[in-house]
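Next, two complexes with chain A in common: one pairs it with chain B, the other with chain C.
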Partner chain A sequence: MTSDSPTDFFTRFGASLLVWLKSWRAVSRFTAVAIVEALSPSTYNSATRSVVLKQIYFTAWQILPRFTLFSALLSYVLIQIVVDTARNFGLADYALEGVIRLLVLEVLPLMTALFVALRSGAATGTEVVLMNIHNEIRAMEESGIDPLRFELIPRVIGGVISVLALTAVTSALALLFAYFVVYGLQYWNLPDFARVMAHIFDLPALAILWAKVLAFGLAVTVIPITEALAAPQKLFFAPIAVLRGMVRLFFVLMLIEVLSLALKYI
Partner chain B sequence: MPDDAGRIALLEEHASAALISDSLPLRANLSVLENVAIVLQYRQNLHYDRAADLAWTLLGRFDQTGCAFKRDPDLDSNERFIARLARALILPQPIILIERPGLLLPDCHYPSFLEATLAAVEDLYEQCWIVDYPWNEPLYAPR
Partner chain C sequence: MERAPVRAPLIKNLEFKVGLLLALTLALAVAFIAYTLYSRGVFERTQRLVLVADNAEGVSIGMPISFSGFPVGQVERMSLTDEGKVRIEMSIPVKDAKWLRNSSVFTLEKSLVGSAKIRAITTNLKDTILADNAERPLYTGDAAQEIPELIIKVRDVVTNLQNLTDKQSSLNQSMANLQTVTGRMAGQYGVMGGILGAEENSRKVVDAIDRANTLLASLNGVSLKVDSVLTKTDQRLYGQGGVMDETQKAVVQINSILTDARESLKKADAILKNTQGITSDIKGATTDLGTLRAQVDDSLTRVNGMINELNRKWPFSHDAEVKLP
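Up next is the complex of A and B:
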């Protein structure tokens, strides 16, 4: 039995570090291209618009009733727990602020991103890796269709819009529940509620929330697609590419969440 | 064409020609009609309804509208070939290259099938080249 020399160890470490850095460079490059293309009017034609609409339909519209129901239930349970606990500790005045900060700023955007990642990120990654393996990407190029503009960028745009829309819907529901749990079924506490809202959603908090949700939306599509495109054109690499994409996506989502927390509270 | 390297060199030399090849499949999650219409949607920004009408008309010229709403895995080899040809010819082409027809049409007498199919759309291209191995040369009549 032979043991690796330090040179071998560092060679292997350096090689894997290079692979890791290259894959991050690919993610960064694709993200930059996606942002530029999404903001460019020439990207949008009849074909790309149809892919964007399909992506929004499958990512957001199709799951809207069930996801809304689930998030409403979760929001209601969490609001009850936080409000009851705050009351027990004599902190009822802070219950509303606490629960909205917890749900709208942190839990619901992250939960939405994770849900979209599991449902659509994995599907998008699988589809793109199979397209790549079966040479469909080259076939599109041969037909004069830019696969980046037709297949990939519209998915990113659709994914971002879906995450934004689902987060908005679930957050609005959570605000509604928070009001009714804290104040009951009446409307004369609306000015108090508005004051708390204004206190929570100041400009920096809104900017961080928007940036975070946009970053979540980009991550759930860009990372699976980049991993799928990087996979060799062999069928047995398909599950590996999807797995790598999903694992990287999970860490990126967590990293975005931690960064947003650090920006707000540290 | 002496060998496979010759075939590959010829394809590379005519990279701008519309290629119908086993290595260029249809988009698997789109129907035949969508695969053809998408070329017009993307390149000419036509609305889907108009692009689909034109694609339908073209498939009609091949007498293959029956496969319009099928996806790639549900097609037989003849339908798949027609779909690929329609995708290539939905915009008129100066040159079309059909690479190894025997690979694309394994279950039919493809020389006569090719002859009839190409005759149906001969106004949509100027030249059609069939790229095949030299030992298959006797199968094709001079065009």
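Up next is the complex of A and C:
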């Protein structure tokens, strides 16, 4: 740095800023296209459906038993800790609400997104990088098939649905556990439970939760794919592209989480 | 890892599995939304109850109203009236409305920890059911509000108590003194011992009383004697031929002597008039002067004698002859 003149420094700073902005622009553009494509019925034909199904199968179905078991265990432990602590402080009335807010609104969606990102986000990124390096994408373009529409966007759709499905399953389990840990194995307290649920899930909370889970689902596929597409077509760059995609994905997931918290509590 | 299966689509029942997962997700999502709507009372027929409070601090939308610890409704809307009171609109499910009667009382309770609670208290369940849109006052009982005041009072009480029970405290000393006094009272001289302190003092008092008794007895004798003396004195003074009697006689004599003296002085006055014409009748005058002088001498001698007599008879003069026993 010391040997550089100020001009060089600013040039380099500007260049890196431009690259950064460009990659973010690519991410947002791809996200916008994916949302539009996912909402237009013409996207769904037998070819894309097959990709979507496989994406869901690999991202959600394959890991469903193990992931459900793991999240159930985690939920149970966390619920026990929160409920016991609340009881010790004489705040048992608030244990259920606290536990549901903690798990269903925050921990489980974020954990699902991280899990899917680690498992399928990395895999999808690697796959797309290799497709790009092997010129498969260009080949498709040349043969008149839109790679975005037939290969990439179905993966995004699959990824979003997978995150939604996993979050739904784990959250439902967490709610069941929360009820039984707090009230015991009986159903007479369902009105109480309903009241707490009504208190937590008002319209803004529901909207924020849905938006957050959808944003997680988009992020875990969109970011690795854009990073992969932006990488030079050299095998040497494949790991770098995957790594950068994962780092950025992690950053984005945290940003979404913080944003949702800020929206809810500030 | 994922690449190989994509190329070789040999997954059994792929569509079924994914369909199952999607259906499950969809079912969960729909059930969840339906449940939250249900829990918010969307599908329930409700009636309205309006509670009017002075202060709605701690009340929030969705807060339950409880009857015997069970929620029977919740806060739906809150607004300030023109009078500065808070209008809390509650929705009561029709099935729970039976717990609220016309005579029910509604309270807002704030505790130290946790949020406020709205409670409905119904003592007479035979009263008529509260009508829809009924308006009732909400009474506020705030335990936390009185605590600082209470603490100050309790601190005062404790300080006072501490002062009372202190070793140097007046109460303690009084108690110690009382103990000494009662100890003495139990001693030889009883209550007097308690009052006078040392045993010696008590003995002195007893002695003094004894002496006073003796003194009184002798005084009695003295007074008897004094009595007889007084009787005798009376006799001497006022009796027949007593001092007073003699004095009265003397006074009569004095009167006559004084009359004589006045006569003599009148004559002297006349003589002095005559002396005015002394030059003309010196001879006659000198003759008269000799007679006058003899008369004045006589009067003076008599006065002198009378005074001597009086002096002798007067009982309280220096060399009186009357002597009291």
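Worth a mention:
We take it that the second predicted complex is superposed on the first by the 264 of 266 C-alpha atoms of A that agree within 3 Å, B and C clash if a C-alpha of one lies under 4 Å from a C-alpha of the other, contacts with A are read in each partner's own complex, and residues count from 1 in each chain.
Keep this in mind: contacts are C-beta pairs under 8 Å (C-beta built on N, C-alpha and C of every residue); 3 or more make two chains touch, one makes a residue touch a chain.
Just so you know, these numbers come straight off a predicted model, no measurement behind them.
In the superposed model, A:F150 lies in contact with chain B only, and not with chain C. Contact comparison for chain A: of chain B and chain C, C touches the greater number of residues.
By the touch criterion defined above, A:R138 lies against chain B but remains apart from chain C after alignment on the C-alpha atoms of chain A.
Of the two partner chains placed around the shared chain by superposition, neither chain B nor chain C is touched by A:Q186.
Within the superposed three-chain model, A:L130 lies in touch with chain B and with chain C [touch as defined at top]. When both complexes are overlaid on chain A, the residue A:A168 reaches chain C alone and has no touch with chain B.
Legend: residue contacts after superposition of the two complexes on their common chain; A:A47 is shown touching chain B, with no touch to chain C.
Judged by the touch definition given at the top, the superposed model places A:S5 against neither chain B nor chain C. Of the two partner chains placed around the shared chain by superposition, neither chain B nor chain C is touched by A:N88. Across the superposed pair, chain B and chain C both touch chain A at residues 50, 127, 130. If you check the complex, the residues on chain A that touch chain B are 45-48, 50, 127, 130-131, 134-136, 138-140, 142-146, 150. In the complex of the two chains, the chain A residues touching chain C come out as 50, 53-54, 56-58, 60-61, 64, 90-91, 93-94, 120, 123-124, 127, 130, 161, 164-165, 168-169, 171-172, 191-195, 197-199, 201-202, 206.
Within the complex formed with chain A, the chain C residues making contact are 1-3, 5-6, 9, 11, 14-15, 17-18, 21-22, 24-25, 28-29, 32-33, 35-36, 38-41, 62, 64, 70-71, 74, 113-114. Looking at the complex, you find that chain B touches chain A at residues 18-19, 23-29, 38-39, 41-43, 45-48, 51, 87-88, 91.
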